[in-house]
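In order of appearance the chains are A, B and C, and numbering begins at 1 in each one.
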Amino acid sequence: MADPANDDVKIDRQEAEDNWNTAVKTSDALRMVEAILFASAQPVTEKALKERLPSDVDVAMLLGELQEIYSNRGINLRQVGGAWAFRTAADLAFLMNREAVQLKKLSRAALEVLAIIAYHQPVTRAELEDIRGVETSKGTLDVLMETGWIKFRGRRRTPGRPITYGTTASFLDHFGLQEVRDLPGIDELRGAGLLSARMPTNFAIPVPFNDPDELTEDEDPLTDIDLEELGLLTPKVEQE
Amino acid sequence: MADPANDDVKIDRQEAEDNWNTAVKTSDALRMVEAILFASAQPVTEKALKERLPSDVDVAMLLGELQEIYSNRGINLRQVGGAWAFRTAADLAFLMNREAVQLKKLSRAALEVLAIIAYHQPVTRAELEDIRGVETSKGTLDVLMETGWIKFRGRRRTPGRPITYGTTASFLDHFGLQEVRDLPGIDELRGAGLLSARMPTNFAIPVPFNDPDELTEDEDPLTDIDLEELGLLTPKVEQE
Amino acid sequence: MEALWESQVDRAASEPSLVIDIQGFEGPLDLLLHLARNQRVDLARISVVALVEQYLVFIRQAQALRLELAADYLVMAAWLTYLKSKLLIPKAPGEEGESGEELAATLQFRLKRLEAMRDAAMKLINCNRLGRDVFPRGMPEAVIVDQTNAYSATLYELLTAYASQRQKRATSHVQIARRSVWSLKDAREILMRLVGEMKDWTALDQYLLEFITTPAERASAIASSFAASLEMVREGHLEIRQTGAFKPIYLRNRPEEPMKDVVNG
């Protein structure tokens, strides 16, 4: 009785319908993700997205798709740690001066400390000071904490259990980084051993000179001019 | 000499190039409009857009196009009283209602009390007030209870059997600590510039009692009667 | 105008604390880096001895001008003097500790690392920054949180509240008089930093006294650093040796169990 051809058609139709339903669902889910991300000025975590979407939705896939859709637009979808946010495209910065906010200017010391914390995290205060070769003034860490870019991370499992510092999600957001590994040049620095607390064994040890007091070919002797530049000598006065 | 066919080709090519340039320009302009509308804190008028875009750009046309592009998306471009803005698509408004959580900031007093409870736990209300030097309003403790960050631990084995307060697991979770002992100590607070270097020699910061669930020697567990008194249990009804 | 024609000596005599901007430098390592840069060669190829010499000249000039130099600069000067002596005297066979070359390499490593961090800082501020290059939604429609908690507070806010409250109550009026002698604590801190670098017997006091003290403080400095060194011996941080009465006192870092490094896995 059964007409196989008819069955086939039925199955096809069923399949098509399923596909269609999936497509509708996906496009609906995509719209939902889009709406939630658009509504927030802050990055939204994947966890928060999942909580707001039907359980059978593949959030990671949708985010990938949405990122693709917006990749050449005036607004891009950007990943910040485990969170996502729409941001204006960087090449349009010139248009946005009306929106620009006055960024707090960091002192040179604060900036250096920030970079060390970012590249060396988790880092203790003692390590930080070892790298800079100077005590960190009281205000510096305080100022950085206030920006919300650095935080106490935890404690190092060594005697004394010193506090470790690291960067925050808002640091990543502010500097447009997806994760800490995206810090500019971090791989090269690590490769060169410059992110370790101690001198790596393969770090080139210079060949000692025969006469340590003799300058090499490519050295200039230190002149009074140099010292003047350093602000240590007052300009020379001709002898009468 | 002139080869009409050749001329034609030239014109065509020119035309194609023009079209192409127009298209690129339009897409660039479209990106600009998109970014400006997205980042602006208010709906943007056509006039304001014209001022910010190259003079040869047809703003009205772009707005129409952009509105079309976004018409089936999670966000739509809408005209709000003569000006333009992105808004969540009306059918997805239900998503936003869920989001209408107003994050409340803790008051200065509440932060202080919370911090003192964290560092000095188990701590009674009298001890708390002694450290702060001011009375603590019931409202402050209520708010902290509401956060779920503090809890009644037990009763101190002293006259009056005062209630002791401590922090909860959700406190650790919220502040990103593994254990209460991870709170910075006196030197670390000093190091971060939060505490002056010149503190009296007898100034101390306690190392917080580590296990939030285990009672200390001079604490008694809370009983049902206590919980009733604190309004945490409805009074028991005698069984017939 | 005339001030310009005044000789250095006169100036030093008439102005006891002449202000010269050493604040332009972020510490002794920064100054060394600047001097190394002046050698106009790759950091790996600088002459460490020349660099040490330049640094010491700088410090002596500053001292001659009676500038107040931060202790960090002087501790570095003492260490560099030590380094120089190690570089100039070849290592005797069987001698313990690091060679001058190894110490010099450590210094070069530290300079390179600092320079790398400085470059990194520049790259960092030139990233596309939020609020300068890229912008968030200007009219957010909702706050999206993934915590059920309706209250927000950061650890920083918590700690600030605690520290300032405790401080306010504790230090209404505490004034500590300016010290004119070396406290035991100062001596200890400086010794700790110097000795941390020295793995073999060193007559430390000579470096210490040369740079860190003024003649007026010398007695106090000797007494304090000696007392501090005894305490550090007792605690096991230090070993101490003297061959006879009034002979130089040798110190060395007592090797510790190597600490496990948990950084960056």
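Heads up, the rule we're going with is that a contact is a pair of C-beta atoms (placed from the backbone, for glycine too) under 8 Å apart; a residue touches a chain by one contact, two chains touch by 3 or more.
Keep in mind that what you see is a predicted model, and the values were worked out from it rather than measured.
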{"item": "Chain contact topology (line, ring, star, complete or other)", "value": "complete"}
{"item": "Chain occupying the middle, per Cα centroid", "value": "A"}
{"item": "Farthest chain (mean CA position) relative to subunit B", "value": "C"}
{"item": "Chain centre separation (subunit A, subunit C; CA means) in Å", "value": "29"}
{"item": "Computed distance of Cα centres, subunit B from subunit A, in Å", "value": "20"}
{"item": "Subunit B and subunit C, separation of their C-alpha mean positions in angstrom", "value": "39"}
{"item": "Shared interface positions of subunit A, touching two or more other chains", "value": "36, 38-40, 86, 88-89, 96, 99, 145, 151-152"}
{"item": "For subunit C, residues contacting two or more additional chains", "value": "135-138, 141-145, 154-155, 159"}
{"item": "Footprint of subunit A on subunit B - complex, ascending", "value": "30-36, 38-41, 52, 72-75, 86, 88-89, 92, 95-96, 98-99, 176-178, 181-182, 184, 188, 190-194, 197"}
{"item": "Touch list for subunit A against partner subunit C, complex", "value": "36, 38-42, 44-45, 47-48, 51, 78, 85-90, 93, 96, 99-101, 103, 106, 108-109, 111-112, 114-116, 118-120, 122-123, 127, 130-135, 145-146, 148, 151-152, 156-159, 173-177, 183-186, 189-190, 192-199, 203-206, 208-209, 212-213, 215-216, 218-220, 222, 226-227, 230-235, 237"}
{"item": "Subunit B partner contacts - residues on subunit C that touch it in the complex", "value": "135-139, 141-145, 147, 149-155, 157-167, 169-171, 174, 176"}
{"item": "List of subunit C residues in touch with subunit A within their complex", "value": "4-5, 7-8, 11, 20-22, 24, 26-30, 32, 34-35, 38-41, 44-45, 47-50, 53-54, 57-58, 61-62, 65, 72, 76, 87-88, 100-102, 104-106, 108-110, 112-114, 116-121, 123-125, 127-138, 140-146, 154-156, 159, 259-264"}
